[in-house]
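Chain lettering (A, B, C, D and E) follows the sequence in which the chains are written, and residue indices restart at 1 in each chain.
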Amino acid sequence: AIAQATPAPVQACALPAFDTNVRPGAGDGPTDVEIGMIVADVLGIDDVNQQIEGDFLMVLEWTDKRLADFGGCRFPITQVWFPPANLLNSSNLRATYTQARNQVSVAEGGRVTYLQRLTGTISSYHDLHKFPFDRQQITMEFASPSLGVDEFQFVPMVDGARLADTLNIEDWDIRGVTISAANSMLSTLQEERSIAAVTIDAARYYGFFLFKIITPLTLIVAMSWTVFWIPPQKFEAQIGFAATSMLTLIAFQLTTSSILPRLNYFTTLDWMLFGATLLVFAALLEALYTGTLARRGREAQAQRIDYVCRFVFPAAFVLFWGGTVITSIR
Amino acid sequence: AIAQATPAPVQACALPAFDTNVRPGAGDGPTDVEIGMIVADVLGIDDVNQQIEGDFLMVLEWTDKRLADFGGCRFPITQVWFPPANLLNSSNLRATYTQARNQVSVAEGGRVTYLQRLTGTISSYHDLHKFPFDRQQITMEFASPSLGVDEFQFVPMVDGARLADTLNIEDWDIRGVTISAANSMLSTLQEERSIAAVTIDAARYYGFFLFKIITPLTLIVAMSWTVFWIPPQKFEAQIGFAATSMLTLIAFQLTTSSILPRLNYFTTLDWMLFGATLLVFAALLEALYTGTLARRGREAQAQRIDYVCRFVFPAAFVLFWGGTVITSIR
Amino acid sequence: AIAQATPAPVQACALPAFDTNVRPGAGDGPTDVEIGMIVADVLGIDDVNQQIEGDFLMVLEWTDKRLADFGGCRFPITQVWFPPANLLNSSNLRATYTQARNQVSVAEGGRVTYLQRLTGTISSYHDLHKFPFDRQQITMEFASPSLGVDEFQFVPMVDGARLADTLNIEDWDIRGVTISAANSMLSTLQEERSIAAVTIDAARYYGFFLFKIITPLTLIVAMSWTVFWIPPQKFEAQIGFAATSMLTLIAFQLTTSSILPRLNYFTTLDWMLFGATLLVFAALLEALYTGTLARRGREAQAQRIDYVCRFVFPAAFVLFWGGTVITSIR
Amino acid sequence: AIAQATPAPVQACALPAFDTNVRPGAGDGPTDVEIGMIVADVLGIDDVNQQIEGDFLMVLEWTDKRLADFGGCRFPITQVWFPPANLLNSSNLRATYTQARNQVSVAEGGRVTYLQRLTGTISSYHDLHKFPFDRQQITMEFASPSLGVDEFQFVPMVDGARLADTLNIEDWDIRGVTISAANSMLSTLQEERSIAAVTIDAARYYGFFLFKIITPLTLIVAMSWTVFWIPPQKFEAQIGFAATSMLTLIAFQLTTSSILPRLNYFTTLDWMLFGATLLVFAALLEALYTGTLARRGREAQAQRIDYVCRFVFPAAFVLFWGGTVITSIR
Amino acid sequence: AIAQATPAPVQACALPAFDTNVRPGAGDGPTDVEIGMIVADVLGIDDVNQQIEGDFLMVLEWTDKRLADFGGCRFPITQVWFPPANLLNSSNLRATYTQARNQVSVAEGGRVTYLQRLTGTISSYHDLHKFPFDRQQITMEFASPSLGVDEFQFVPMVDGARLADTLNIEDWDIRGVTISAANSMLSTLQEERSIAAVTIDAARYYGFFLFKIITPLTLIVAMSWTVFWIPPQKFEAQIGFAATSMLTLIAFQLTTSSILPRLNYFTTLDWMLFGATLLVFAALLEALYTGTLARRGREAQAQRIDYVCRFVFPAAFVLFWGGTVITSIR
């Protein structure tokens, strides 16, 4: 019953004087307000600012017996009682239905429907430990600060959380959206409230990071292994090569550090970068060591070390990265 | 009949009390609303956010018999019935005709015209597989969420979709704009609605990408071929050269990755970059191999390989890139 | 007669009922509206978005006999007939005189003056073929979509286009501003309208581009010529040198490509970059060729070629760049 | 008693004529206004612009005897006396409770409560000498410019400063928030006022800077020490190596300089960078000196110097950085 | 007398009908309006856009005998005569005291006070020839376009220009603020007006530029001098070294070019960069020349030149930079 109002017969829809501060059914337990949320579009999920940008259709429905005779009418929300529901998340939303249409429509028996389209950004709280193989549950919470649990209750609308077919986001797989309601403690007020929660289940597509970051990283690490194929006498070439790989890795790390906020912990990608840096640094040390051996006339030993490293380094790389990725996907 | 109102004789244009919630002709089938859209300017098409920024003139026309006696008058849209048409795309549009002119004008017989100029961004949904040789059909959809197909019908205006002569966009060829209307399922409401669709046909000019990205790429790849002309004994020079080409390619890839959103698939340009990277990496391996051969005294064989590669690599390059481009243009 | 209103004697400025939709002098040919535009500041000209950001004082003057008895009064624009003039360019302007002063002032005989200060961005349409030696005519066009040429005519005010003494723009020389009016076809409406055009004549100062782009470019190209002074035996040094120049040029090109929009054509600077790239690539090929000659024992020939190139390359460079610049300045 | 209003019986809440300019209890000393501030979210702390972006719930409570008979009513803030309290910090805040709810609610005895949610940026004044090991006390100050200390007094609400459980900020540890009030001189007015101060205690998490800046820096410095392991005869390799480390450091410094505003003093990180640069420059000079010694046949001395430096440089590095960090943490 | 209003006795503050277009004291010479400006904060000075971002408290005071009986009242600015004063600079300011407090307060004898807090950006006009050793006088000018010098006069308030103790800007030393008024020609209107000028005296702190730009520059130039210590036989090392310094300088120049707008003239920093580039280029030529001499067997001469340059280059550097800086500071 979303967004429909049978037109009233041509009659006066003029309301009598009305105390809009008094909630409907004040004597009969809490006022139930049904809530529904359609995700019409997801425009982006911003990891740095931890925000989701979207386009939402919010529906609120409740019964106000005082409006029972006004079936088919529409009223501005300031002329009737209106649920004092707030989005608890920090947000910057524009209401699209403003001007002539920020109205409720009344159906038979005083059933009141309010439909609003909200576009903008909402704070999400990301756990990025498994980045870029992460999956986030982004939750929007609604509550009424001024009405307690015995005065106001949210009720999730049946089939009230829906997702549009086509979304304008490329780097996340929006797998679904659910809605629920429960009484719980509101930490900012330190009182219990009825809280409606809309949860968007989003899994990151890691294709971009695989192709644009992890593949180049692999090539840079693989290039550092060429020092095991350069003869130990060609000492400077080896060191120059390893150092160049090293500096490229560091530049890479700087570039990628702006993809995420300034975290105080390591993501999966950070562990991968860390392992890569360690391996390239080890290759640099190996080149220094075999070069010193060669200068001291122990070339055979140097070449044996080089030979062993040709297998040990790639194996260590595969094991470390494999382990990191498997841990984070599991 | 766009944007014209014959002035009413100096008389009172005062409307009687009027139920603006009742649509005109409520008893005689759906209310027909003609829609026209003039694209006055396209300011930009943003691939990263998948948005078009434009300047649009929207015209709505319908007949309201209740206004038949008010030919030549103008009324604010809140004083008459106004079609509850919404842009379904996520958008951020400013209405330019606000203040004194957010009005409808009424002609003979209650024919009502509404003209509004809308400036801002509208979500578009790009398919970038063929980038930068792609062509996009950017569609703006209008529907009335609150009125069903038996209550409300859009009718495309004759010659109702037009394009201005001069557009402020440099990187796209806006080839035309069309308008159509049809009943179809609205996924967000799961009900059928009359949907008007304005489609802008835009083909990307690939000149910029050809000159600024593909040409430098070609030069970098071509530079990696100099290792086939350097004698195999000059082992370090070869490897240094190939590695520099490699790192330049990777830096290039990083720089260009901000042109597009974080896609989960390969565009044509990605395939070209991928092919280029493979070829440069192959040149690096070739240098390592011929260098090892030369150190082991098999210089003749090394030189033969170098000689063959002088032809094989350019040929592979031309074939791979040619195939990729031809596939994506077709 | 800009911005002056002799105060009315203390009397009632209350207007009688008035049809503000009827234009003044409706029976005596078109209504003439004088228009003036003072460019109080130019804050910037943005090549990438093709916008001018400025601060403008717009004056409109017309005669409304119905206001003849109200000399010295001021009225809000919604209480009188107001010319339905629109800026045709896409724009994002803020009116500074809002609140208490979005008013017209009436002088003797019903002469009405409206003064508004507009700040913001206006679309301009740049032809960048001669960049950075280009000069742009930036035009703002005003028209009244709803009134035809027999109903409404713009008249340029005498001395109506002026420029402030100090402007806040550093990279353009704003040489003047002119105003004119003419009847012409409005492509978006496909009807004839009276169009007022304010044209700002702006010549780009190319000092910045000369010092910050063209001079470093010249140094990079000149550095590539050192390969002609390095003996051909020092083959690797030559190639390394030429390749470094090459890669620096490519990085340079990437950096400068964000100064302009993604054009489908070559600017003068692009031609200069193109010529520079060709010459550096030629120097790389020369190094490869003389190196091969030297390895084959034909050192004398290699040195002769080097010697000739010391003169040919600088000459080619001067000729190509000189020709390009002269063509674009002419 | 935050955000609660017992509903008034269905009666007229219509106020009589009321001079809202007169403060309550004007004859009995200053008007006391209780103030509370809940930090619902901290979205970011911006060092460059010295701003905190947050989401705040502000509560004001006072007694107005003239409203004693209106317990349970709600009034728009323009219809009653409202404390003329201003945020003294520069700020750009949006009030979330606008439209229908920018109201005060009145309880028994004329106790008036006002609740507002404010979202946006507030100027903070950072002392960055110890960056990135710094801790900031971010203070928001409220005062009433138009009422002196004998007319208006702020009173901190009991338990009036609270912090939400989950905050949307990753790089700072928000340790608490306190509220206080005192009379002090207002420098802009040069008069005494009652000033309420809300102080947010924020300690920066330095993990990000440790992993992404200080670790790479350490690697770059450590790489410059390889010149002590390269034999002095390999003069060019040494110098090339030291110079590359040097240039990498300088590039690093450029990149990191945009993290902070343009300070006129050195932060802890600047001292660390400065020490690192000095050490790398010293390694470059050492390479030049030992190279010159080796060319003059004093290779033994050169190698002794190299040998000593292998220990002196790391020790100097550890001592300098350790001292810097310890000083700034203490 | 800033920002104080003794409360009026509880009486009707209702104004009689009033022609707010007529200025007070119209028969007795020009109306004097006192103006004061408190700079509550300076948030930033933006060289690129030539803007100052600040937080200002503006006070206006004048006498309106018609309000003599309303001492202690407050009126909205639209209900009284209000000075038509405009900020002439282009600006984007938000008025903080909006809603309920965009009012004037009236004291004994019709003395009217208006206090407004303005936050935002104001165009400043910088002379950057001496950058980064420059000092700017940033002027905000106010005038009344519609009232001539015989109708309206600004009078600077005694002690009317003040500065807050703590400012939120790090890179400028705000040394003071002054206010003055004078009649002068308004170039946009070509008529004389009374103009009030508020001037902020700002000296740039050059510490940031000294530490982050000039010091690295010095190191890069000093590194180019190592070519004088490398023996002339090591020809390639010398040239490679000089070229690397050269390219680093050019990259440096590119990076720093975004600190300032695109100027058509050289700043002090540009002269320093220019001198540095010339010296590094000269070092490159010296290396080419001594290398050629060495190849031709004139090693002694080459070494003599190297020896001389070890002193000449640093001396030239110190003289050039010293001269440039002294000239610009003087």
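The criterion applied here is as follows: contacts are C-beta pairs under 8 Å (C-beta built on N, C-alpha and C of every residue); 3 or more make two chains touch, one makes a residue touch a chain.
Everything numeric in this text was worked out from a predicted model, so none of it was measured.
> To get from chain D to chain E along touching chains, fewest steps?
1
> Would you mind naming the chains that touch chain A and likewise touch chain D?
Where chain A and chain D might share a partner, there is none at all.
> Calculate how many whole Å lie between the centre of chain B and the centre of chain C, each centre taken as the average of the chain's C-alpha atoms.
25
> Calculate how many whole Å lie between the centre of chain C and the centre of chain D, each centre taken as the average of the chain's C-alpha atoms.
41
> Which chain B residues reach two or more other chains?
Only 240 qualify.
> In graph terms, nodes being chains and edges touches, is this line, ring, star, complete or other?
ring
> Considering touches as defined, can you lay out the ring of chains in sequence, from chain B by way of chain C?
Sequence of chains in the ring starting at chain B, next chain C: B, C, E, D, A.
> In their shared complex, at which residues does chain D touch chain A?
Interface residues on the chain D side: 2-5, 7-8, 10-11, 13, 38, 40-41, 43-44, 55, 57, 72-74, 94, 96, 99-101, 105, 115, 117, 119, 162, 164-166, 168, 170-171, 205, 207-209, 211-212, 216, 219-220, 223, 226, 229-231, 234, 237, 240-241, 244, 248, 252, 255.
> Hey, which residues of chain A end up touching chain D in the complex?
So the residues of chain A touching chain D come out as 19, 21-23, 26, 49-50, 77-78, 82, 84, 86, 88-92, 123-125, 145-146, 148, 187-190, 235-236, 239-240, 243, 246-247, 250, 253-254, 257, 261-266, 270, 277, 281, 284, 288, 292, 295.
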